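Contents: one structure, followed by commentary.
To keep things simple, chains are lettered A, B and C as they appear, and every chain counts its residues starting from 1.
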Amino acid sequence: MTFVLVHGSWTDASFWSKTVAELKRKGHAAYAPEYAGHGSLYKPDVTHEQIVQSVVDYITSKNLKDIVLVGHSFGGSVIQKVAERIPDRIHRLVFFDAFVPLDGQSVADQFPAELQDAFAQLIQASGNNTIPMPYPLFRDGFVNTASDGLAKQIYQSAKPEPAAPLLEKLDLKKFYALNLPKSYLYFTSDTAAPQGDKYGFNPAQSGHLGQFRLITGNGDHMTTAYAQPAYLANKLYEAARD
Amino acid sequence: MTFVLVHGSWTDASFWSKTVAELKRKGHAAYAPEYAGHGSLYKPDVTHEQIVQSVVDYITSKNLKDIVLVGHSFGGSVIQKVAERIPDRIHRLVFFDAFVPLDGQSVADQFPAELQDAFAQLIQASGNNTIPMPYPLFRDGFVNTASDGLAKQIYQSAKPEPAAPLLEKLDLKKFYALNLPKSYLYFTSDTAAPQGDKYGFNPAQSGHLGQFRLITGNGDHMTTAYAQPAYLANKLYEAARD
Amino acid sequence: MTFVLVHGSWTDASFWSKTVAELKRKGHAAYAPEYAGHGSLYKPDVTHEQIVQSVVDYITSKNLKDIVLVGHSFGGSVIQKVAERIPDRIHRLVFFDAFVPLDGQSVADQFPAELQDAFAQLIQASGNNTIPMPYPLFRDGFVNTASDGLAKQIYQSAKPEPAAPLLEKLDLKKFYALNLPKSYLYFTSDTAAPQGDKYGFNPAQSGHLGQFRLITGNGDHMTTAYAQPAYLANKLYEAARD
């Protein structure tokens, strides 16, 4: 299989490094593109469209075909738009604890009002339309199962997140008309979105997909990619296979 | 213990073959009756009452007593009605990812409207009041954790399901007046019913029981019975014991 | 670390005996005070305030500092009030399948109406404002994953619970203004509160905390403390660490 792994917010392509290695060790091809405005390409005023374009360019420039396109967290909205652009190159979409905006919604629309308000204040204070992630929020929301040391290590990659792509209302009519196979990988200790019927990754975000294949696992939002990459690679494989 | 195992829709008594063997290996008696209209008795126009009668006849003809009566999926509605008929032969009811209609409801009433509509179209197209299960829906809804090969193998048993028993509104007043011990075995990757408060096997269907003992496990709707029968047998034992 | 473990209803400090031993074996200090009206101090007319005072007295008399204060079940409401009184001695609060009343609510307010009604009848019948726990309810609600023998053994500690502390509306304004780190340990087979968005320990009770760190585990309401104390101790450690 050929995996293309799209990371989420407050991290960069290094999020996937260990998982890429594990997938390759299992005999798959695996790519984790750095996308516009993030990591070495850091740019506070990047747009959602620029992010999508950079992933599309990556896939077409390498002429990747029949890919399993994986989106984590915010990356869910990225693979929705990439799928609209190059559906013929995609074998299956895998949403991994990912946001799945409905047509006309933003990623931020998926958050409870209190979190949207907290982000608005952080954006205001940033002066450059970014959302710096305070460590306590990161610790409790993204790496709740990690050790103290690993939590702080993972936090090193958390640059202030460009806010515009999170806030942009997305036209997803074409995505919701596509007929691509879809899986949702849900880790049951993930509280980056509040658990439950209203905001939970599963069943709320996953439910936006209509028909999908659910795979569940133990883990939180980010820790598994660092602490148990072989487990994550195996779960991605279970989500990806026919 | 004496187990009587009642299968669900889109399968037949062979669903339980490996689990019966495991229960016997543990020293229990275990029976998996083929019920009216299914498997070797396949008949598209079977009724819910005929199914119930065939299970009652099986138990009484073998003079089974003090039984743990297990219903899987649609089989939940069958054991509700069997319990009304022969409560004195039943030690405990175990609902395994089972539908538990309330009095006056059908099994299909437990599904979301979109699924009811999809089934209505399949029934219409069938010409003989059955619901053929398309493979993609079976793959994603019933065997989501299986390998590709096992998924296709399990699908072999999926004859077009007689629709009438699923659609019949059931008088369950007597069931809800019974005072039999009840357990609910819930596998947390089961998406045959959409997960969550409204349609999920747990807590929505289980909650219909009032007081019950919850046992949870890893697995989806059907795969465990084929891939991990010893695990399933052990979970059934945990659900069944006093 | 220094753990102070506050038990719930229908049990006493012996609930924690094995967990205390495991925490000590891992090199932590661990205390499980018997609180007013329970265990050897059994008194049907104890008040919530007397319970809280007895825990405060225990901690201050031993001059314990920088403690991880753990509350199980009803004990959640106790640690809320203890935290109001001696916040400077507390490093982190850990709610373990605990009730977390909002300001002005009682613990009983967290139960569904039917359970409140059932308790009202048991109180009425008791003649001394206690709630005797019928074994079938205890078996299904508190120790659902236990063996028959262990379930009965655990039930030995279940004296009729003084009702007043469960029914008292609590002023929790100060608690909700505190800024202490909080974790919630949720065991996914726990049905002491009905699972789901409305009454479930997670996400309903946990959600009252606002920001918190979620740790999940396998287990029911009480069994793990007796059958797998090392596992529980490890989960408490994961919830407690920075």
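Here is the rule we go by: contacts are C-beta pairs under 8 Å (C-beta built on N, C-alpha and C of every residue); 3 or more make two chains touch, one makes a residue touch a chain.
The chain list, named the UniProt way, goes like this: A, B, C = Alpha/beta fold hydrolase.
Because the structure is a prediction, the values reported are computed rather than measured.
Undergrad: Sort the chain contact graph into one of these: line, ring, star, complete or other.
TA: Its topology is that of a complete graph.
Undergrad: When chain A meets its copy chain C, do both sides use mostly the same residue numbers (more than half shared) or mostly different ones?
TA: different
Undergrad: Fitting on CA atoms only, what is the rotation between the copies chain B and chain C? Please report it in degrees, nearest 5.
TA: 120
Undergrad: Could you please state the distance in Å, as a whole number, between where the Cα atoms of chain A are centred and where those of chain C are centred?
TA: So the centroids are 37 Å from each other.
Undergrad: Give me the residues of chain C that touch two or more other chains.
TA: 188, 197
Undergrad: For the complex, give me every residue of chain A touching chain C.
TA: Against chain C, the touching part of chain A is residues 136-137, 139-140, 144-145, 147-148, 188-189, 191, 194-198, 200, 218, 220.
Undergrad: Residues of chain A touching chain B in their complex?
TA: 181, 188, 197, 202-204, 207, 211-216, 238, 241-242
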